[in-house]
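Handing you this structure, nothing more for now.
We call the chains A, B, C, D, E, F, G, H, I and J, going by the order they appear; numbering starts again at 1 in every chain.
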Amino acid sequence: MLKGIPKIISPDLIKILMEMGHGDEIVLADGNFPAASCAANLVRCDGHNVPDILDAILKFFPLDTYTEQPVSLMKVVGENSEPPIWREFSHVIKKYDSHFNSFEMIDRFDFYERAKKAYAIVATGESALYANIILKKGVVIDK
Amino acid sequence: MLKGIPKIISPDLIKILMEMGHGDEIVLADGNFPAASCAANLVRCDGHNVPDILDAILKFFPLDTYTEQPVSLMKVVGENSEPPIWREFSHVIKKYDSHFNSFEMIDRFDFYERAKKAYAIVATGESALYANIILKKGVVIDK
Amino acid sequence: MLKGIPKIISPDLIKILMEMGHGDEIVLADGNFPAASCAANLVRCDGHNVPDILDAILKFFPLDTYTEQPVSLMKVVGENSEPPIWREFSHVIKKYDSHFNSFEMIDRFDFYERAKKAYAIVATGESALYANIILKKGVVIDK
Amino acid sequence: MLKGIPKIISPDLIKILMEMGHGDEIVLADGNFPAASCAANLVRCDGHNVPDILDAILKFFPLDTYTEQPVSLMKVVGENSEPPIWREFSHVIKKYDSHFNSFEMIDRFDFYERAKKAYAIVATGESALYANIILKKGVVIDK
Amino acid sequence: MLKGIPKIISPDLIKILMEMGHGDEIVLADGNFPAASCAANLVRCDGHNVPDILDAILKFFPLDTYTEQPVSLMKVVGENSEPPIWREFSHVIKKYDSHFNSFEMIDRFDFYERAKKAYAIVATGESALYANIILKKGVVIDK
Amino acid sequence: MLKGIPKIISPDLIKILMEMGHGDEIVLADGNFPAASCAANLVRCDGHNVPDILDAILKFFPLDTYTEQPVSLMKVVGENSEPPIWREFSHVIKKYDSHFNSFEMIDRFDFYERAKKAYAIVATGESALYANIILKKGVVIDK
Amino acid sequence: MLKGIPKIISPDLIKILMEMGHGDEIVLADGNFPAASCAANLVRCDGHNVPDILDAILKFFPLDTYTEQPVSLMKVVGENSEPPIWREFSHVIKKYDSHFNSFEMIDRFDFYERAKKAYAIVATGESALYANIILKKGVVIDK
Amino acid sequence: MLKGIPKIISPDLIKILMEMGHGDEIVLADGNFPAASCAANLVRCDGHNVPDILDAILKFFPLDTYTEQPVSLMKVVGENSEPPIWREFSHVIKKYDSHFNSFEMIDRFDFYERAKKAYAIVATGESALYANIILKKGVVIDK
Amino acid sequence: MLKGIPKIISPDLIKILMEMGHGDEIVLADGNFPAASCAANLVRCDGHNVPDILDAILKFFPLDTYTEQPVSLMKVVGENSEPPIWREFSHVIKKYDSHFNSFEMIDRFDFYERAKKAYAIVATGESALYANIILKKGVVIDK
Amino acid sequence: MLKGIPKIISPDLIKILMEMGHGDEIVLADGNFPAASCAANLVRCDGHNVPDILDAILKFFPLDTYTEQPVSLMKVVGENSEPPIWREFSHVIKKYDSHFNSFEMIDRFDFYERAKKAYAIVATGESALYANIILKKGVVIDK
């Protein structure tokens, strides 16, 4: 543990986040996502929920401003109602990025392909369905 | 994830627990314990509390009945008051082992030596102090 | 060994089962299947029969409900009679999944290709012929 | 699988047995033995009983004739009755070695030390207690 | 060394043979074959002849009965005379398989491609030319 | 790079710092220190000065409050004058720890032994002499 | 550290530079470049600027004279103004190669593809944007 | 070092040469060749000249007699004069192979592709230009 | 295979022999020697006899002339007759070293300790008993 | 190869030299030294002489000025005459260090122990006897 770094972030996760550059993507996968079979780099966060990890990551991780929709979700097949966890995601993201607008929606099979090309997948214990989320990293700017 | 296995238990942790035999020890270490420098086998559970992990482990893990005190704690130096988390530990253990009686108390430096000889150390994010605990595995009996 | 986990399940096998996600597949291969040459991840269970392992796995492993036939067999070429072990398979599966209906039948060469894409292959010592079986993992749901 | 080699013997086990030389020892450990923490080379045979493995091994493995007692057991502390599985061991060994006479009895802690120096430990799922056995390899003679 | 296993078979070779399943192929390569550059799994048997290794392997290794010609040779380019070592091969194979009939003949470049897809190549010191041979594994049947 | 983490800290360095626990030590070594031959874990920061790295680390890294002198230096042999860089060290440490008082001074050979037992050594390009410094990690406290 | 080799050059970097041959390319990447996800060989120089590293490298590294433009930059999309750091690059290169004339300009996506084929990528902490640069190695000539 | 093996041949080089079979190729690369980025197996012989290594290798290494030109060079682009080192190569080869006639000439880019498919590349310190040479191994014949 | 190197010598064996220096020892172990459990570096020569390997090795390997007895054997316990293979050893050694005089005789347990300190052990299939031999390498002299 | 770095220095050697710090030692070993069995880090320079490598190394490598004799040789047993190569060593060292005075002389067995503790051993092909030399690294000073 270190001062100022949330306890939910493991040493491996912070290392992975630092290694990523502009345009690299990371997937926060729910507990039923086939993370081990898709991941180029796998970080396990068993037992944690996606919103908690999302909140901890966004403290350090800028979203890409070169694209309209730097955050992506998996489209629900054959349903109109929105999974309630998406509103939580939206709420967390707006804490860090007041300009956040809308999610990119990806078909299930395109989502798997995107996940395989992502720099890393974080395997959580999230039990909500359709709770997978992809973040595209932006540019870190000196202040 | 699997049916009947708590989500807080990672694939590596269940594997480690199964590999252990009668008399092998596992340390559940709080977030300030020097786990990485002491561990023969290290399992990371960042962001979780020790009582939650203890509860999940004891569902599968028999305590040693060949010894009086199969659970050990680190003695608090120069204090009379008992850390409140110890009562939680006691409560969790009694759920699984009605005969549980008392903890073995180990001096700080003996505790470090025991930890180095343990089969594995689980590094948690527990923020309570003196929240480290050693479990000695018992015999699994056919029913 | 752990309480409540069948002794036939090795530490590596439980770890593999936990790492799998929704839609990932595992092959239980008979003793003559070319398991080592096909497997992305190989788990050896020499000397055991497939029905025993199937029974132990299904205690923890949900079958996919998003597909009609989450369990697949290799089609017998040029024969009408069904291998007797298939009835055993059916019997075991129904113990855990009362809705189970019928197997997907796969041609020999498609079966090999499916096996190569599976997350893992379990190499058993099953001596019955045509005793290979593929399981597609379903969603683990909180209760 | 191969013709003439019992299915219970895994590829790793036969390799280990062949690599051993005169005087090297192998431990067949019951399911509660701390095999993973003691083994220089670990071979897993989860779910199998020790007598079945013993029988398969002795088909290929000569016992040492340079010592009076090439087979060793762990002494039961504070009991007079002999664990029933020892008679099974004796029966199996006599099938292969008509001169077999008596076991060497080793104190618990000496047994652990011997196990750590053995060339390999076979981790079985044997549920009988005191079912651990050490075999010392003899000389293979041309016929 | 073990009782009943020919001394020419190394621990690695027996392990490779056991790992193979129905339809997997193994190449016994003469001393001039580009074994190291073609092999998925390489087993060195320097200084030995192919017929001796063939004889030792067939003691354990069933040839495939699902195909007409489970044994393949490399076609000699532009010659009519048959290399004398082929008769030796034939003689050895018939010791173990009275139904053996004829070899499959493969063009040089197809042979190299087959070798690259084989489960293993055994690099011998055979000095006879055109002494390479591919064996396809059959089914091991309980007796 | 991440928001709020100084650019001088590499992904490996932040990972190492997070893995350390209470009482673990890290050495910031000048460019002439035999870092590679002493380090259990080596982190290279070629071309950087020790005070810059010290400043970046202390933003996250609590010094041990259980000991009087959690920061140690190598005693200069046969000299009275204090290396000027020590004042810089003192200045940086006081920015983060207003209670900082004095350094522990260690003889050259004891310093090497301490460095070998440290969790990690950071190899810098610092050209000042006697610029090696050991930090003992304290407890991270929830706020 | 060694005499005559700038301190900013790490042991790994000098090794990589020596291993490269005529026509091999190396990328000096700014702090936001996706270096870890693109690099065949990754050298970290966190916290350093590209011009400093460029200057140190060109002391040893000949630029290719078989091509008109052995140094390449990433084209700025939709802008006319030249990033000021390019003039610095030009200045440093001319110190070592008086014939240096102009940069090759590469479109963003072609640049990523070139980076993936480069022998190595050096990940710096450069905060200027569009500060990535590719160097093609020339022939080292005996003097 | 061994009796009868030239000192210029390293343990790794002799091993590589022995592993090669009929038709495998080895590249002796000059000091500016991109050896590390092209080699499947890389053997370093820094500081040595190609003719010295060629001479040492040909003592053991038969050239292929199944092809007209078992030795290949890289064609010089746009020049008529032959690099003087080629005469040296010719002289050395004729010491071992009196039938040697002429070199196969390969275009630069075909040469790179051939080098990538070769079994090994030997990286020398040869400073002559166009001093790269490919040897195709022949059959070793019993005498 | 290479010209002038006996086929019985594997690529690994020649590499090991070349790596050895003055005073390093190599053990040629018979088929019952516990080679795998004693060897720092293990070279397998299954199926071969010790005299054949000895003959091949001594073609390249100088015996130490700084010691009276550079070749050692294991003393036979409680017997007067000399194992017949020792005469073969003597015969082979004298082919290469006309000054060879007598063997150093080592007690069984000292022999095991020497074997553990040797640079390598060659595991043969020699079936003669007491056929283990240790060779101490001498100095290779330029001619 | 790089500008200004002698071709005899391999990428691995320069890396090793840079990693060394004040007081670390490197052994330049002649062709008969047991380098592979003694070295913590081994760098092969087969076919080269020690004086050539010494000359190339000292261009970059400062000798320790904190000790009287930073260069050590192996004492010749029972001889008065000095090996002629020592004068060469002396000559080369004085090129770089005008204050060089005399060698430290070490008994054969102490020399072996020192070599085992050195940071690295360079295995050359030097055929002169008693041509082994140990260099102790000094401090690199900014200019």
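The rule is short, and it goes like this: a contact is a pair of C-beta atoms (placed from the backbone, for glycine too) under 8 Å apart; a residue touches a chain by one contact, two chains touch by 3 or more.
Since this is a predicted model, take the numbers as computed values, not measurements.
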| item | value |
| --- | --- |
| Which of A-B and B-D has more C-beta pairs touching across its chains | A-B |
| Reference interface D-E: repeating pair among H-I, A-C or E-I with over half of contacts shared | H-I |
| Furthest chain, CA centroid comparison against subunit E | F |
| Farthest-lying chain, centroid of Cα atoms versus that of subunit H | B |
| Geometric centre distance via CA averages, subunit J-subunit A, whole Å | 54 |
| For subunit I paired with subunit J, centre-to-centre distance based on mean C-alpha positions, whole Å | 32 |
| Cα-centroid distance, subunit C relative to subunit H, in whole angstrom | 52 |
| Sequence positions of subunit A contacting 2 or more other chains | 1, 10-12, 19, 31-32, 127, 140 |
| Pairs of chains satisfying the touch condition | A-B, A-C, A-F, A-G, B-C, B-D, B-F, C-D, C-E, D-E, D-I, E-H, E-I, F-G, F-J, G-H, G-J, H-I, H-J, I-J |
| Residues of subunit C that touch subunit E when the two form their complex | 29, 31-37, 127, 129 |
| Subunit J residues within the subunit F interface of the complex | 19-24, 119, 139-142 |
| Interfacial residue positions of subunit B with respect to subunit A in the complex | 1, 6-13, 31-32, 44-48, 52, 125, 127 |
| Complex contact set, residues of subunit B against subunit C | 1-5, 10-12, 14-19, 59-62, 140 |
